[in-house]
Amino acid sequence: MTAPLVYAEGLTRTYAMRRGLFSRPVAVRAVDGVTLAIAPGETLGLVGESGSGKSTAGRMLLGLETPDRGFVRFDGRPMPPPGGAPWRALRARAQMVFQDPLGALDRRLPIATQVREPLDIHGIGDPALRGGRVRELLGAVGLSADHGRRYPFELSGGQRQRAVIARALATRPDLLVCDEPVSALDVSIQAQVVNLLIDLQAGLGLAMLFISHDLRVVRQISRRVAVMYLGRIVEEGEADDLFAAPGHPYTEALVSASPAPGGRAGRRIVLKGDPPNPAARPSGCAFHPRCPVAEIRCRVEVPVLRPAGPGRQVACHRVAESPVADLRGAA
Amino acid sequence: MLRFATLRLGRAAITIALVVTFAFVVLRLSGDPALIILGPEAPPEAIAAFRKSWGLDASIFVQYVDYFGAILRGDLGRSMRDGRPAILLVAERIPATLALTLPALAIKIGIGVPAGIYAALHRGGPVDRLVMMLAVAGFTVPSFVLGLTLVLIFSVQLGWLPSGGQESWRHAILPVVTLGTGGAAILARFTRSAMLEVLGQPYIRTASAKGVAWRAVVTGHALPNAAIPTVTMVGFMVGSLIAGAVVVESVFSWPGVGRLLVVAVANRDLAVVQCILLLVAGTMVASNLIVDFLYGLLDPRLRAGGRAGAH
Amino acid sequence: MAEASLPDAAAAKPARPRMPPLVFVAIAWVATMIAVAILADLVKPYVFTAMDLRNRLSPPGHPLHWLGTDELGRDVLSRLIESIRVSLLIAFGASLISAGLGTALGFLAAHFRGLIEQAVLMLADFQASMPFLVLALSVLAFFGNSLPLLIGLMGLYGWERYARIARGLAISASAQGYAAAVRQLGAGPARIYLRHILPNIASTLIVSMTLVFPEVILLESGLSFLGLGVQPPMTSLGNMVGYGREYLTRAPWIMLAPALTIVLTTLAISIIGDWLRDRLDPSLN
């Protein structure tokens, strides 16, 4: 395996959350010891429910937030602290696509001006030639020069997200973090934008972190997938293997709830219990209250991520005992 | 509740400290008080003596600490004009000011709050329109214009009331009316919008939909909730009991604290000005504190929060 | 405080609300005042200090002095025009200073958070809780009086409102929206705040300016009325009222002309401000 473009180890982020005006703040661990690596040109899908900490993990990977513990290395060097000049310079190489394109765009500036802005900020190219580069970028995401003259509110949701993608690609970054990039769009538009991202990723050789709660989309775009539950990665592996034979009961439940098109229509596992709440994290394996196969040790002992088959890692006591395939066969 | 109380008291103390610092900084920035008071032609010995007696020869930090200490002891200096303690000069004017502002406050609350409630309950009616119009006037007509207009009508034209001075209760009528009407209109408008806001809340609509008598909804739910913002406004007005009459006292030559302030400013009688500044700040801070604690009584949510915080 | 037209605004949101006639009149009045202030030297019939000793205390309607004269035979209309110019100039200057200062402090608080934010908020609380007239009078007592000081002093009036608005909007913009997006593009604070956040919150700031402006006029006229604001031989609206007060029995027009101008101007700006707020920014209150 080539040296990773971005490597994060043991990322932990805790927020202080106040319940009421006078109550003492509660420490909420949003991300707890996450280790990730993305090779140049590779797409990693990060899956989880809301509150799983996947967005926070993505923001730390980009350097937008500083981890409380752990570190991020980008291209072999430590991530500089946010706000400083080295950090700002690094923005040209690592970019983000947001969930809400309307919120990410300045509603008072025309699209072309905003696509051009990264070039102005980082002083890339001859100022006189930047207009041409902007037209090229707009073309690459399927927007016309006429779209460039419009304001964000004059575009559709899909067109806005295309504009955000064009802006993110202006500096020819090496890494693109997409945080739920299509979940705010109409279902009919989602596929178009996902296909655009796939084409761009392949054409430009981008490394990409694709964060989503939607397994179908992640399956379509990612080569490798990591599944998060309450701040921890519970399973990681090659996308095809992982979806075909989930190792962790949580992954299994997710996969069963979102059958692959044309795949076998397996039984659907319905998770019991409350949806995960980072402020009230269960002891032991955080998934145990909802786990159909939980044992006594799952309540007390936190399972660690262990290799389970080629390129696969699973954090589950039951999987540690037997390889994934065996477990599958037994179930 | 304890945490709440210490927080509020701490903030009050900080505000007072800020006022004292403000006075000190302004005092020192304004130049050499000795030269200002004694004049540039004063003999050097006189200036040196003055500096010594006012502690101006020490370092700025020592002066600041001394200044703070003196104020904490209640020593606010002497009037630079007639040599009497500034605090006495100010204190003997307070009754005159309260003689205007307390009745004015009674008018503001006695007319403003009921008028606001009535206007909100009869929205769009003639009283509502009148309240809104008068409230706009209350914002845009300065008190000196209102006062002089009243003098023009009731003293100059009709000859019913005296135009200035403090000889009898009749002299107080015009200034009290001037102070009271503008404030009453503003308070009415404030109460009205507080009421309307509460009346628009879902739980009020639910209560009335459930068949609870409208009168019970209003007295049981709307009034207590609308009271919270209104209390803030009244608190601000109580806090302005001293400061609110500066202009009106001048219009009617009423010998209160406000008139004293204007004269002291014109004469650059710094000790008196500073004493009034502290008095005004103290009144404001005290009324803010009272309002904060009234909040605690009025808002059950805050009270519950306060109890939880005490654990 | 925008209750006057709120019921209709809340009920329906028509595509293009027509301008109410009252607002039209208010805008016309303010435009006239601004024109008078700018063209003062061309419009006023006399030099405002010129005395006409033959026509002292002549009532309005005099063929040479439409609004009458004062005790020294000075033309009330000319003095009124000069006063409008001075009062508006001070109010404009002060409002610009206050808006600039408040916005800058609000941005500082939003950018640095922590201690700086607490200090700004504490100052804002302090300013909002103290009667500004008394603070202003104390400063004037200590420093004496001059026009730049007066404008600067009044420029401290109302800054806390701009600061609160600017801070709140900048924080919410940085927390999720376009400002966070631009920041992660690598933009420096100057670009983020001046090129992106400021244009986005300008309409809200301008609306609050129209709401603070009348108060600044009232404050200036109050100070000048007390003889502690604009000093003779200069004149302002409050000055004229203060002077006219001495002649209330014999020549009430000296007081009434500037008093009416103050009331109508503040009223007009308040009406425009309320209307702008209802149209542009219902969130502001």
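Which chain is which? They are A, B and C, in the order written, and residues in each are numbered from 1.
In this section, contacts are C-beta pairs under 8 Å (C-beta built on N, C-alpha and C of every residue); 3 or more make two chains touch, one makes a residue touch a chain.
Every value quoted in this text rests on a predicted model; they were computed, and no experiment measured them.
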item	value
Chain centroid nearest the full-protein CA centroid	C
Of all other chains, the one whose Cα centre sits farthest from subunit C	A
Cα-centroid distance, subunit A relative to subunit B, in whole angstrom	56
Interchain centroid distance [CA atoms averaged], subunit A/subunit C, Å	51
Approximate Å spacing (C-alpha centroids) for the pair subunit B, subunit C	22
Contacts with 2+ other chains: residues of subunit A	none
Touching residues (chain side subunit C, partner subunit A) in the complex	176-178, 180-182, 184-188, 191, 196, 199-200
Residues of subunit A that touch subunit C when the two form their complex	62, 64, 88-92, 95-96, 98, 100, 103-109, 117-118, 121-122, 164, 167
Subunit C - residues contacting subunit B, complex	1, 3-4, 7, 122-123, 125-126, 129-131, 133-135, 137-144, 214, 218, 221-222, 225-228, 238, 241-242, 245, 248-249, 252, 255, 259, 262-263, 266-267, 270
Complex interface listing, subunit B residues touching subunit C	11, 14-15, 18-19, 22-23, 26-27, 29-30, 123-124, 132, 136, 139-145, 148-149, 151-152, 156, 163, 189, 192-193, 196, 239-240, 243-244, 246-247, 250-251, 261-262, 264-266, 268-270, 273-274, 276-277, 280-281, 284-285, 288
